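Heads up: the structure comes next, in structure tokens.
Think of it as A, B, C and D in the order they're written, each chain with its own count starting at 1.
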Amino acid sequence: MVISAIIVITFLFLNAIMMGYAERKIAGHVQRRPGPMEVGSHGILQMIIDGIKLVAKELIIPFNVDRTLFRVAPLLSFTPVILPFLVIPFSEKLQARDLNMGLIFIVTMGSVNVMACLVAGWGSNNKYSMFGAMRAVAQAISYEVPILLSILAVILMCNTFSLKGIVGAQQKIWFVFLQPVAFLIYVVAGLAETNRAPFDLPEAESELTAGFHTEYSGMGFSLFFLGEYTNMFIVASVATVLFLGGWHGPHLPYGEYLGVVWFLLKVYFLLFLMIMVRWTYPRVRFDQLLNFSWKYLVPFSLANLLITAVVVKL
Amino acid sequence: MDNIIKNFKGFLIDQGFDAVETDYEQRGYHLEVVLTVTQVREFAKKAYELGFYLVFVAGFQVLADPETPSPHSGLAVVYQYARHDRQYRIKACALVPDSLEIPSISDIYQGADWHERETRDFYGIVFSGHHNLKPLLMADMDVDVHPLLKEEAKLKSLDAVSWPSEAPESTE
Amino acid sequence: MLESEYQEQNRFFLNMGPQHPSTHGVLLIVLEMNGEYVLDPQPVLGFIHRMHEKMGESRPCPGFMPNTGRMDYVCALPYNHGYVSLIERKAGIEVPERAEYIRVITSELNRIASHLLWLGAYLLDLGAFTPILYGFDDREHILDILESVTGSRLTYSYYRFGGVCQDIDEKFVERTRAFIKRLRKRYGIYEKLVTKNIIFIKRTENIGIVSPDMALRYGMTGPNLRGSGISYDIRKNEPYSVYPEFDFEVPVGRQGDCLDRYMVRVREIEQCLRIIEQALDRLPEGPIRSKVPKNIKLSPGDCNFAVEAARGELSYYLIGDGTSTPYRLKVRVPSYSNLSCLPELGRGILLPDLVSILGSFDLVIPEIDR
Amino acid sequence: MKQYFSELFTGGMSLVEGLGVTMKALFMPIVTVQYPREEIDISPSFRGHIDLILDPEKNSYRCITCGMCEKNCPSNCITVKGEKLEGQKKKSLVLFDLDFTKCSLCGTCVEICPVNALEYSKEYNLAAFSREAFHYDILKRLEERIK
């Protein structure tokens, strides 16, 4: 138990470091510049140095903040994103617990995350943070709906909430081909759920300076950072499980373990797309974001669900 | 020159404004108007009706002239107007009386708001009727510092900084 | 009644700036807000006020030359152009034709550089990170070209009374032509990445509509005015230098929203390229500097010169007193008047829209504060 | 209703197109210069701070200490001092100080010089920890070059 916990946490940090590095490198090349180049060959150690810097930094607690909430918020953002690792099936045999309500568990944990934004924004005693928090909550609430609806369409097709069961149902054909609309809706809503551009309104740099984590420095900030990347990983891996066939892929020796290779490949492909999207588009406005959810995503996912239900019944 | 311009000049002459056409090549504006303090708003209103926009409001300082018939404090305000549709630029100038007060035109041309505040900052000219005459470019604590006021020794009389009163057209 | 009381209670103030990412420098806007709605934005200026006008009055007129470029460092050459033309008009100095052509070419290059920088910065305000670096990529070529002839990259101080300080050569012409070709090829990138982008359109269309009457009342000029559908460009309406010899259009917008202001600037880049092309084709031979007296005397009387800077009408107003030092030098900067409409324009809009409007005005704060 | 779908479609297409641009850029070569390791050539007309021209005939400066540059400098950043040394007809330069913290690089001094004694240096790597470091003694710089 302890060992697997250590493995998960190590993986979390590694993932965040890799993602941070990839993000900066990809951003660099998209903008026709090389990205980090100084620390290590091609700047490969840059994120480690940055991590050390953040850890070593003084924790600044501004005047008049709610100290408890201010300190709790980074933990709140980090803890719930570890738990879903319990149920994610990396390959056929690499899964800590195959809960029969696995999907529900992940979705629940995913919505705890927004609490962190709210608490951080409220506790910071800063108007910009408060704006960020309010936006985060409104955004999370309106985007949970299309996420759940698009997930439901998949559930209808395989009759189980167990993640392993869902992957197993995609032995022959991935659900992305059967449920393309649900997949698109899930990815878009997932971007909003993880507060990534173009839906990064809670931190909206050019409007709210840094949104809910304006006042955070050092370790507090890096926990938010870790939380964000881990959350991205979870959203991408759920998408992989639900739509991209999980660990399925061309046959590998020791497939029941090495399926993890395919799984991670798919996850990181999705993450790559998410990064590219961030470095391409402007940010949407707040009311447009909500409108988009209620006017496009929800009706489409409802219609999709309806059609799925009818087809499955037939 | 077409109708609006003619109309405008006619109006100015009728109203007793002192309007002189000037050589554009030499001065960069077409019409020079000397306003009295009471005419400032009237002039702005007419200019607005005829579709002129306000280019800027600026002040300048010359030697004070306490003698009659035209006593002034040495401060003057320059208004420049221009048009969007044709090449026509007007310079209007008003000498500020001893009370240092001149009516504000910021309710006619909202753009004059900041220009007037700036002029107040630099010269201490008070624009009466301005809704918010706080320091704009200068700091709040420097309400009484007016950087563009010159020392007595450097001041020149109004005549010394104006074009010679002979019409410049005669230089053929 | 109840509602207004509720509104009253929920008002609060938010300081946007002077270190806010999207105020582009040290501009402070005190926002009176209700939730995310801006009730009353009041700009607070003067953080980098340097009293350029006083400096102009306290030294002989050639000494103010370098200052002009410091006011608007993004588009310094039109500022130089206005000032040298003013002194030339005042002192009756003739300028050789070749020098005027060079001035036009370099000024227009500088204008493109300014518009490219603005394009990127505006998109940065709207949350897209990449266009600014593409803009910088193109702008860098312009700066290289300008550096090869002026010797510096930002604050050029290139023009002199009666001409320019360095002649352009074949290589400059070649590089400029190559750049024109290159930039035309790059239009597609900007169009696909920005102009057509649905998120961008949604963020700018029908936002911050400046009516023609409002533009007139506030004395707005430049692309901000042209966005409202009024075709007013000093280069066309009050031609100076050799601009009347070139064939170019003045792009105008339809209704004066942020998208129109964006489109006007983007289309203006193409017009600038056209002017440069024509100027390069017709570039006359000859001297680049006329004989100018060592000590320029500014005769008594006032004089005005207006040029079209990248952001609008730039007017220098000078009162001479017979010495070589201006008695009074007023600089009318475009952004000052453009920004002054913000309190009216920004009433009752969302905070992100305010950012969008601010960005679309293309503000350069040192120019406003002078 | 038609508009609803057409907007969704054109909007979606525009997003895909935008992604295409950045995807393409991802695989294009980089255009930036890695400054401390790579350097680009400085344009020959680059205007750095001023330097005295080394006259090859005299193997010395051309300056006649007339002080025109000092007088005409808009920022008052040049100090020129000349003294009549023994056994010489003309004044010779004893101090040519440039206060680079004030200099606005306008080039007035170079242009006004009656004997063309000044040029622009090509130095741009200018950084120091104190203000005083930017008071360049140009005469000393020239003497170092002569050596």
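Keep in mind that, in the parts below, a contact is a pair of C-beta atoms (placed from the backbone, for glycine too) under 8 Å apart; a residue touches a chain by one contact, two chains touch by 3 or more.
Here the structure is a predicted model, which means the values were calculated and not measured.
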Query = Computing the C-alpha centre of each chain, which chain sits at the greatest distance from subunit B?
reply = A
Ask   = If you average the CA atoms of subunit A and of subunit D, how many Å lie between those two points?
value = 49
Task = Find the geometric centre of each of subunit B and subunit D from their Cα atoms only, then give the gap between the two centres in Å, rounded to an integer.
result = 42
Note = In whole angstrom, the CA-centroid distance of subunit B from subunit C equals 25
Task = Mind checking the centre-to-centre distance between subunit A and subunit C? Centres are C-alpha means, answer in whole Å.
result = 43
Query = When you check subunit B against every other chain, which residues touch at least two of them?
reply = none
Query = Tell me, which residues of subunit C touch at least two other chains?
reply = 130, 134, 137, 193, 197, 199
Note = Each of the following residues of subunit D touches two or more other chains, namely 15, 18, 21-22, 25, 31
Inquiry  = Show me, using the given definition of touch, all chain pairs that touch one another.
reply    = A-C, A-D, B-C, C-D
Ask   = For subunit B, which residues count as touching subunit C in their complex?
value = 25-29, 48, 51, 53-56, 58, 60-61, 78, 80, 82, 84-87, 89, 91, 109-111, 113-115, 122, 135-139, 147-148, 150, 156, 160-164
Note = In the complex, the residues of subunit C that touch subunit B are 45-46, 49, 51, 53-54, 57, 86, 89, 215-220, 225, 230-232, 237-238, 300-306, 313, 315, 317, 319-322, 327-328, 330, 332, 336-337, 340-341, 344, 369-370
Ask   = Tell me, which parts of subunit D touch subunit A in their complex?
value = 8, 15, 18-19, 21-23, 25-32, 34
Inquiry  = Using the touch definition from the top, list the residues of subunit A that touch subunit D in their complex.
reply    = 26, 28-34, 37, 276-277, 279-281, 296
Remark   = The subunit C residues in contact with subunit D across the complex are 59, 62-67, 70, 130, 134, 137, 144, 147-152, 155, 157, 160, 165-166, 189, 192-194, 196-199
